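Would you mind keeping the following structure in view while I ask a few things?
A, B, C and D are the chain letters, set down in written order, and residue numbers restart from 1 in every chain.
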Amino acid sequence: MERLLNIDRQWIFLVVVVVMLVGAIAQPLIPMPISSESRQLYDVVGAVPERGAVIVAMDYGPASKDELDAMSVAVLHHAFARNLRVLGICFDQQGVSNAERLIMDVAADSNRRDGDDFVFLGFQSDMTAAILGMGTSIKDVFPEVMVDGESRTTAELPVMRGLEKLEDIALSVQMTGSKDYEKWINYGNARTGLTLATGATGAIVTGLYPYLSSGQVSGLLRSTRGAADYERLVLDAHPGLERSAGRKMSVQFLAHIMLLVFIALANVGGLLGRRTAAEDDPA
Amino acid sequence: MIRRTSLGGLIAALLVLLPLAVQAQEASVTTWIVEGEAWVFIGILVMGGLAAVGIFYAKAGHTISARAMPAVEAAEDGIGRAVEMGRPVVFVPGVQGITKAGTIAGLSILRLVAEKCAEVGARLIVPCRDTIVTSIARETVEDAYKQAGRHEEYRSEDVFFISRRQLAYTAGVNGVLEREHPATVFLQGEFSAESLIFGETGNRAGAMLIAGTDKETQLPFFITTCDHTLIGEELYAAGAAISKDVLTLGSLRGVDLARLVVGAIIVLGIVLEIARLGWIRTMLGG
Amino acid sequence: MSTSIGVWVAALLTLAMFSFLYRENPVYRVAEHILVGVASGYTVLLMYYRVFIPVVWNGIAHPKGVESFFWTFLFTVLALLFLAPFVPRIGWLARIPAAIAVGYAAGQELIAAVQARLFPQLLDTVTAFDGASGAPAVIDALLIVVGTLSVVFYFTMTFRRTPVLNGVARVGVVFLMIGFGAVFGNMVISRFTLLIGRIEFLFGDWIHLIPS
Amino acid sequence: MRTRIPLALAAGMVVLMVLAFFSPKLKATYESPINNGLFIFMAFAVVPAIVSLIRLHVARIRRKHPDSIYSGIALSALFATLFCGLIIDKHAFNGPSFRWIVTFIFEPLQQAVFAFLAFFIVSAAYRAFRARTLEATLLLFAAVIVMIGNAILPLPGPSGPAELWLLTVPSMAVQRGIILGVALGIIAQSVRILLGLERGFVGRG
């Protein structure tokens, strides 16, 4: 069976692991300015009045945990610290268990009570139908929820008092690694005027800037960099949040320098005529 | 044929709707049409209408040709190169199944490449990741050799299935590129993150690389590692032009017409904005 | 070294997956098949507890009203047609619920294409110059308008390439390459984060080499 | 009959959805039953995939296929997960034993699969990311700016950080052009479904 690691690639793999290990242990601290998209997200969460209702939609599976968990925890910590009512949601088939664990853990750390200060509404099997349905009635989309281990009717919960539909929700923050942010924009913001903010993986964040410019999205976290900036902002006002994205940024610093060196080598090597390509006129 | 299907579609839709509409009378909400969304309705009619115009124009038999694309033109000299160097051509039809638009377009491009290989007698290797795609690819390549009158040169073992598992397929194609030292490699279809290896290994083997994919996250890597790349809709257009897919070409014509409207709205809108006349702005909901 | 069984299991499974880099081997295939099995189990349990019971079972067993009982029952019967392919000759019936789902999505996407994509993005382009005071802001607005137009017209497929369209396409290519460069740049920090996370787990939580 | 009815149903749904958007009366009557219907559909749509997976692996075992040991592992992993979810944590979805499987088996495996993509980028960078064509040069130039701005050091740009300017002006214009193009493509597809010409979900015959 074929190998992906021939001789050349083996030493490259070694260099990558060593560089990242050094970064993780040495934790070189690099002062970077706070990205303005992260500050916008911090401000939009900060603008929600006390006891205002915020949806935290952790729409991602395990593949994006390392990149998005830090954002989910920071947003939850910020919302609970500001005594907001939090509705947890996860539309990713493989992320519901993780999302539930995150909201329960952060709520416990901020001693918020299940059913009174927050509730994990959970999962629904069609995202478009769910968001459209929530535009009219949230309890119809999530008729039953688990509160302290028992199944309860959503409408009776104290946290849901006055929260009939999306118009009653002050802000919805979605963490995602796929293009499904479009569904919150198409069926949440466009249909009901719901204020949106998005914590995005680097793989999809570039496509969100037009929505930030048009105001359809009011805040954006740009992968681990955005998460680290947001952590710093939240920590200034509400201590007790672990700097998990911040720690990864130290490793990113060395890893990015390593990659630039490799690209330089490839182009310097190219100039030395290792493989001169035919000149092509641009497409 | 389309007359009956679309007519049937619309009649059925009305049959479904009439009783529902009547029963809706008693619903508590008063107004029938919500104001404020009128422009959205007009937008749907105009843009949808243009798309329909393109489709009916194509269905009515008018020929629609896709514009010239360097990646498709480069295929010819890429295959010529393979014959000169006496090395094979490798065609990778993407990592997805037949339901994906990218895979369908990739297989159409395979037909063009197979025909050219058959004409000049270049050896064509097609490693596949999906059993259905494999059988379609075999049919396409064999058909091309038959039409070029060189059916005896067709080698069915050169169009083969590696594995349904994505990583195993990636390693398999990687092995083919390293072993066969192809002169030219085609990467046409829908690819995912680890397909980045194909560009690297192909580059390493000194091959000419002609790629095409609709996956935006994969395009940056193909553009930097390959000589030519079909970007997004260019892949669909190239595939449809080769396979003379009237429906796709008609849709592309309709969308091109709609692009003119989009361009006009932007230019006109800005002119009016500067002239302090906000008609277009209010239309767009500003 | 960690003393928790769970961390050890997770670490060994992680190494099993990474072993594919060296060569496909039985340990890797075991890990891959465990993943397939657990993922399927996860989906079945999720759909059963969080969708089937609250929506279907409770929708029929104790419905809110006669009307909601009727709708739930109707859609459950239609949904059962997804299983038709397991019965010879009536396999095509699965197309009925599929058609309803496809039509539902197409209808909503058609509305959203105009209401949530075209109109707001065109509005923001048309008003690009409104707040622009001072040279940098005007230049930015100009770049945005020219960039948007050139990319929209780069992808015209069925118009013959007149000199004007060729010129626009050439401008479009310049913008597209810068755009894909940005995608590339943000892709790097995203993919690196995943490997960093695994290294933090293996050398931090498992081997305690990294201070967590 | 086999294709006419599905095509007509899909066309009817498109019309109903557009009318419901514009008519609050129609919307109020049909929105919640149809949304609920979609939830039911998507729950049942998963069943065929699971059943065919089980049939595939059972068939492999019965045919003594060389990979049958792996099929045995896949099936036992599936039933062990179901056993934990249905029997051990009897009432709830996210019970303790199921959570253990997810935390220490499922999530680490899924995360490991994508982890070595970073490594592929580095090996490709060293061997293939050459500025050979004009396009590749422009692309690499923009990529380097974003990379430096993201994690190395703050690069000054025209109005604030360089990578932020790049992401909010030229790159934003490109993504907006793509959004507008995709929107038109979606409209064309919905029109094809409305006219009963989109055979994708119906298959051939």
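Note that contacts are C-beta pairs under 8 Å (C-beta built on N, C-alpha and C of every residue); 3 or more make two chains touch, one makes a residue touch a chain.
Please read these numbers as outputs of a predicted model, since none were measured by experiment.
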Checklist outcome for this item: Highest contact count belongs to the pair C-D
Item to check | Relative to chain A, chain with the most remote C-alpha centre | outcome: B
Checklist entry - Measuring from the mean C-alpha position of chain B to the mean C-alpha position of chain D, what distance in angstrom results? => result 19
Checklist entry - chain C to chain D: how many Å between their CA centres? => result 3
Next on the checklist: With centres defined as the mean C-alpha position, give me the chain A-chain C separation in Å.
Outcome noted: 14
Checklist entry - For chain B, which residues are shared contacts with two or more other chains? => result 37, 44, 47-48, 167-168, 171, 193, 197, 203, 216-217, 220-221, 223-224, 227, 232-233, 255, 259, 262
Checklist outcome for this item: So chain D residues touching two or more other chains come to 5, 7, 9-12, 14-16, 18, 21, 28, 34, 36, 38-39, 41-43, 92-93, 98, 102-103, 106-107, 110-111, 113-114, 117-119, 121, 123, 127-130, 132-136, 139-140, 143-144, 147, 150-151, 167, 171-172, 175-176, 178-181, 184, 187, 189-191, 194
Checklist entry - Hey, what residues on chain C touch two or more of the other chains? => result 20-21, 24, 32, 39, 42-43, 46-47, 50-51, 55, 101, 104, 108-111, 113-115, 117-118, 120-125, 145, 148-149, 152, 155, 173, 176-177, 179-184, 186-189, 191-192, 194-198
Checklist entry - Is the way these chains touch best called a line, a ring, a star, complete, or other? => result complete
Checklist entry - Which residues, counting only chain A, touch chain D once they are in their complex? => result 8-9, 12-13, 15-16, 30, 32-33, 35-36, 61-63, 65-66, 94, 96-98, 100-101, 124-126, 128-130, 132-133, 136-137, 140-141, 146, 149, 151, 206-207, 209-210, 212-213, 222-223, 225, 249, 252-253, 255-260, 262-263, 265-267, 269-270, 275, 277, 280, 282-283
Checklist entry - Quick one: in the complex, what on chain D touches chain B? => result 4-5, 7-12, 14-16, 18-19, 21-30, 113-114, 117, 120-121, 123-124, 127-130, 132-133, 135-136, 139-140, 143, 178, 180-181, 184-185, 187-192, 194-197, 200
Checklist entry - Taking the complex as given, what residues does chain A use to touch chain C? => result 1-5, 13, 16-17, 20-21, 23-25, 63, 65-67, 93-94, 96-97, 122-126, 128-129, 132, 142-144, 182, 185-187, 189-191, 201-203, 205-206, 210, 213-216, 222-225, 247-248, 251-252, 255-256, 259, 282-283
Checklist entry - Which residues of chain C touch chain D in their complex? => result 5-7, 9-11, 13-14, 17-18, 21, 29-52, 55-56, 59, 67-68, 71-72, 74-76, 78-80, 82-83, 85-86, 92, 94-104, 106-111, 113-114, 117-118, 121-122, 124-125, 136-137, 139-140, 143-152, 154-155, 172-189, 191-192, 194-198, 201
Item to check | Complex contacts: residues of chain B adjacent to chain D | outcome: 2, 5-6, 8-17, 20-21, 23-25, 27-34, 37, 41, 44, 47-48, 51-52, 54-55, 99, 167, 193-194, 196-197, 199-200, 203-204, 216, 220-221, 223-225, 227, 232-233, 247, 251, 254-255, 258-259, 262
